[in-house]
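Quick heads-up: structures coming right below.
Look at the two complexes coming up: chain A is in both, with chain B in one and chain C in the other.
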Partner chain A sequence: MTDHALMSWLPQLAPAAPAWLATLQAAARAQVQTQIAAPDAEAWRYTSLNHLLEQGFVPIDETITALQPDDLDEVLIPGLASRRVVFVNGRYAPELSATEALPPGVHLDSLRDVLAHDPDAVRVLLTAEPATVPLFMALNLAGLDDGLVLRLDRAAILAQPLELIHLSIGLDQPSVAQPHHLIVLGDGAQATLVERYVSLGAAVYCTNAVIEIQLGRDAVLTHERLQTESQNAFHLSGLSLRQDANSRYQSVNLGLGSRWSRTELLTQFCAAHAECDLRGLYLAGDDQRIDYHLDVNHAVPNCTSRETFKGIIYGKGRAVFDGRVVVAKDAQKSDAAMSNQNLLLSPQAEIDTKPQLEINADDVRCSHGTTVGQIEPEKLFYLRSRGISAALARRMLCLGFADEIIHTLHSETLREHLSEQVGQRLESAPWD
Partner chain B sequence: MTSTTAVNDLVKSEYEHGFTTEIASDTFPPGLDETVVRAISQRKGEPEFMTAWRLKAYRHWLTMTEPNWAAVDYPKIDFQAISYFSAPKRPEDAPKSLDEIDPILLETYQKLGIPLEEQKVLAGIAVDAVFDSVSVATTFRKSLAEVGVIFCSISEAVHDYPDLIQKYLGSVVPYTDNFYAGLNAAVFSDGTFVYVPKGVRCPMELSTYFRINARNTGQFERTLIVAEAGAYVSYLEGCTAPQRDENQLHAAVVELIVLDDAEVKYSTVQNWYPGDAQGKGGIYNFVTKRGDCRGARAKISWTQVETGSAITWKYPSCLLRGEGSVGEFYSVAVTKGRQQADTGTKMIHIGKNTRSTIVSKGISAGEGQQTYRGLVRIGQRAEGARNHTQCDSLLIGDRCTANTVPYIEVRTPTANMEHEATTSKISDDQLFYCRSRGLTEEDAVSMIVNGFCKEVFNELPMEFAVEAQKLLSISLEGAVG
Partner chain C sequence: MLVVNGLRATVGEKEILQGLNLTVNPGEIHAIMGPNGSGKSTLAHVLSGRDGYTVTGGSATFAGQDLLALEPEQRAHLGLFLAFQYPVELPGVNNTYFLKAALNSIRKARGETELDAVSFLRLIKEKLKILHLDESLLKRAVNAGFSGGEKKRNEIFQMALLEPKLAILDETDSGLDIDALRVVADGVNALRSPERSMIVVTHYQRLLDYIQPDFVHVLAKGQIIRSGGKELALELETTGYGWIDAEGLAA
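Up next is the complex of A and B:
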């Protein structure tokens, strides 16, 4: 790990930054340096940073304004959502966004705006501890630039899903965008957020996004994250979730695109009876590297978590699943179940999976299950005996495998769209 | 009785086998350098190749650092404060039969419940008992020799079968493997050598009882088992140790070499001194065990019951090279008091159609800390490989820890890998059911725990299975009112 490549991701500190922010960013910068000097070998056991570092990414310092709403057409999913917030290369693009007529109690701003006009409002929302976050979250914090600030007051309900689109366009110089989003749901608030990562064109670029979510008592958030970037993109994303009593978080993480990606999901229960359901599907083919890290903290008693991740790996694809459930000393009656299932379709594909449990309380129900296998020949034979071609039969079986995750998406439109995307990808997959 | 009291009782239960035998030891002063390595080799009258190998190992060891990735916590070991050689009195007239053995020694074995003579007769077990670092008793060698099985101490093997030693020693666990394996290669004192020739089924279970005795003496045992094509051997290893204050380091190396169609079954019951209530004084058990299935359809089966030691760091592994070779790992590990165990296995699938099974049962009580750490690697050429892993943890009391850290790496699409893990406590329903049938709470717990471990106990040879169940009951005595 070379020092300069990552440090050069950081823009110069804005001179006008308030003192607390400067302190926080300095702490984050120190954490980046610590992590570079002594990398967490376990966290990076299966993923090499070399490929990422070789690209020599530099921070983006221009706001792209040349895009017209029409340019969005190719990335929009018809009929998905009426409201959307668009970020182009990590910067809020109001001209492309559609945020009219928000229900009462729903506040939507750009982080830049809030930092400029009411920085102290951001202060209470930034909960990530710079000294303990993983490398790329620290890097993102140190380079804090823009992002979405979505606040729902007590009992506010955002009935229509909100689409958060990260649109990336390659620049002359390979660049890195580091948006940082803050989502806060007050007590009893409810929302559905569809977070998408898409590319215009096929240039090499990097996204290092962080999303911090705080759920108040009884709050419910449905969070669907679709990463369908171009095969030349580098993708890093970190989620930091904190849940208050009785809150419910349901998420689906779909990783289909990008050449090299790593997703870190850090969740923490702060009060009893909260529920967290993390589901995911990853598709790694050709030369793709896809890496998922879960860190689920049962810090308090009586919480429930479910982690269900499935992967399809083909070509020279390589996937990593590193899931960890930690039950703290007094977190009795914790209930956690983690499952990771993988289909390996070709001889060059590789899966490295590491589902960990760390249990420090006795009255708990914790389990994990992992499988790696191929398409069962009997199933294939059954379909072939019905006159279905081998290629189609394989695709059907893979789609069936993927459907357990896809069918949990909230909207029919999205389910169809994703099934189609997975189907298309599999069509081009080499089978031998 | 409340469960807190129960756990307290468990933590307090004294180490049953804690006593020290007073026997004059011929012990080197503490410290380690090339002179010590040479002196060990010289004292054992080893040929030049062994001395050279030990020195190479020692020089390499100096460049290595202690591993710190395991989830165990202990004060730093001062390797210069350990004495690296300790032989029982009068090594020059080593006993030829039981009659010649020091009566105090025999008494020690009897206290441990290992009546050597009776065992010979009753159980038909050949016992190569290791007291401190030099083998003092080897039995049944004659009847083994009739079928061509070599069963002797490794020091004897170095003299009598130098070709076999040169060919196989360090071929599975090279001295470059890890810190403790490097140290072991440099200073190993003694151990066991088993050679089963082609097509021979070893007529009896082979067994070594280890004892750690002299103060401050680290035990560096070396075991080498070679099973030629079509051979079969079952090897049993069990140990207890006297109570003492200083921590003792035990860094053994076990190597198994299994050729075509051969099978080695290696069973361990480990009950070393776990330390007192504050976790002081227990054994550090840092062991490297690895078997190499070099031939087609070779089979290695590791079974372990680990109830002792302050710290256990142990991953019996299988290299499944031969086509259709099979690796098995069955483990019961108990941590109570302040015991810490980081244990598991590695199954490295290299050949086609290789199969492995892992069954790990962890029981953590009191302030015990336990980690299952395992690796299943299925390489690109291991077509049709299969693995099934099951690790279950049982927690008794709310201050213990159970971790599961499996590493799974698969590179071939025709492999099938399944892994499941659960963590739970003894359910109130189960307890209630047993109590309603008139069982005391203690019997109920013992029954449930034994049931939890049954899959593993079934794999043990009969004599060991009985001992293991007894050990488990004793270990958990007082766990509940």
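Up next is the complex of A and C:
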């Protein structure tokens, strides 16, 4: 690993940055350097950075203004009724966004705007500790530039889902965008967020996004993350979640696109009786590789977490599931259940799965389970005996396997859209 | 319709079917009875094209075609249907979607137009009525979490929808209590027609109280050793299978 390649992801520090931000970014930069000098071997055990570094990504300080709202049509999901916030190559694009008539108590801004007009507001919203976050989150922090700032006041309700679209288009040079979003739900607030990553065209680019979420007491957030970028894209995303008492976080993470991707989900319970439900489905085919890293921290008693990830891997696809649940010494009555099930469709497909429980309390209910299997011949024969071709039967069984995750999406429109996307991808899958 | 001639099949090293002959004409119902391990289920599986069996001799012709050369789905396209002894659970696969995929695959293979959603739903509701089944069946995943009786009824329901020329019922009575058995048998009887033949594979005579066969065959050691009318089933009820000796020959 050469340090040069990653350090060149960082733009020049903005001269007008407030002192606290300059300090934070310097700390993040130091963390990047530390991580480059002595990488976390365990976190990178199954993944080589070489392919990413070879691309020579650089940040492009350029706001894309050529896009018209029509250009969005090909990436919008028909019938998905929602307000939307669009980021183009990491930068807020108000002309493509639709955020009219937000309910009372819901505040939506771009990070650039807030930094320009009320930088101290950002200071309290940034909770990620630059000195301890993983490499790419540190890199994102060090390059902090733009993002969404969504704040819901106490008891505010965003009943209609908000779509957060990351649209990437290729530039002459392979570029990296590092949006950083801050989502804060006050006590008792509720929202549904559909976070999407899509490409226009098939250029090589990289997204390294971070989303920080804070849920107040009794707050409820449904968070659906759909990564359907082009097969040439590089994708990194980090979630940092902090939950107050009785809050509920439910997420579905779908990884279908990109050539190389890594998603890190870090969650922290800060007070009792909070619930966190992380679900995921990944599809890695051809020469794709998809990594998921979970770090779920039961730091306080009486919280519940569920981690349910499923993967379908075919061709020369490779996936990694590295899930870790840590129960602190005082976190009695913690309840955690992690499962990772994988379907391998070809002899060259590969999954590295590593579920881990680190339990330091003695009165807890924790479990984990992993399966790696193939399509069961009995099931295949059953469908074929009914006249269904082998190819369609395999696809039906894969979709059936995926359905446990897909059916938890909040809208029928989304469920149908994603089933179709998975089905289409599998249509091109080689079966041996 | 179906002519099986000297059929031999092995599982691994073991020869299960040892020269089996059977002819089924349109509209006939044949019961195949026999002790455990006689090859009843193997016959059903070999005819429907399940993997894991090697045909080492003989032939099977169905609707004028060499059945054994066809893929399982091609056999279904020709009008063969197997009602499974143990219907497979398919979690996440919606029953309606499954039924529509099956019906339209068969129609397409036969050069018929595929049914659209509306016509399909109309057809399927008609079939549900004939079998006195509840519509909630359509919303569930195929056989997932079904009781034994529900699974068997779902098999018969598929048969009603796909309208096969030849249905093979593999131990359809196994695991059913008498009420469930009656419901399933009623469904089968509702599907009897002069064009549709059936092979009813069973260990016990009691299913044949409800589904009256035209012919009864006794299978032992991979061969049919006796054939007769339905009275043969009643005879077996009293004599059991003890009269068949270790070589599979009538004592």
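As a working rule, the second predicted complex is superposed on the first by the 432 of 432 C-alpha atoms of A that agree within 3 Å, B and C clash if a C-alpha of one lies under 4 Å from a C-alpha of the other, contacts with A are read in each partner's own complex, and residues count from 1 in each chain.
Basically, a contact is a pair of C-beta atoms (placed from the backbone, for glycine too) under 8 Å apart; a residue touches a chain by one contact, two chains touch by 3 or more.
All values reported here derive from a predicted model rather than from experimental measurement.
Judged by the touch definition given at the top, the superposed model places A:L171 against neither chain B nor chain C. In the superposition on chain A, A:A5 makes contact with neither chain B nor chain C.
When the two structures are aligned on the shared chain, A:A203 is found in touch with neither chain B nor chain C. Touch criterion not met for A:A272: it reaches neither chain B nor chain C.
Comparing chain B with chain C, the partner in contact with more residues of chain A is B.
After overlaying the two complexes on the shared chain, residue contacts for A:N360 are found with chain B alone; chain C is out of touch. In the superposition on chain A, contact of A:H368 is made with chain B only, not with chain C. Within the complex formed with chain C, the chain A residues making contact are 377-379, 381-390, 392, 396-397, 399-404, 407. Against chain A, in their complex, chain B makes its touches with residues 69, 378, 380, 393, 395-425.
Partner chain B is touched in their complex by these residues of chain A: 42, 46, 329-330, 332, 342, 344-374. Put simply, chain C touches chain A in their complex at residues 48-51, 71-73, 75-77, 81-82, 84, 87-88, 90-93, 97-98, 101-103, 105-106, 109, 141, 158, 162.
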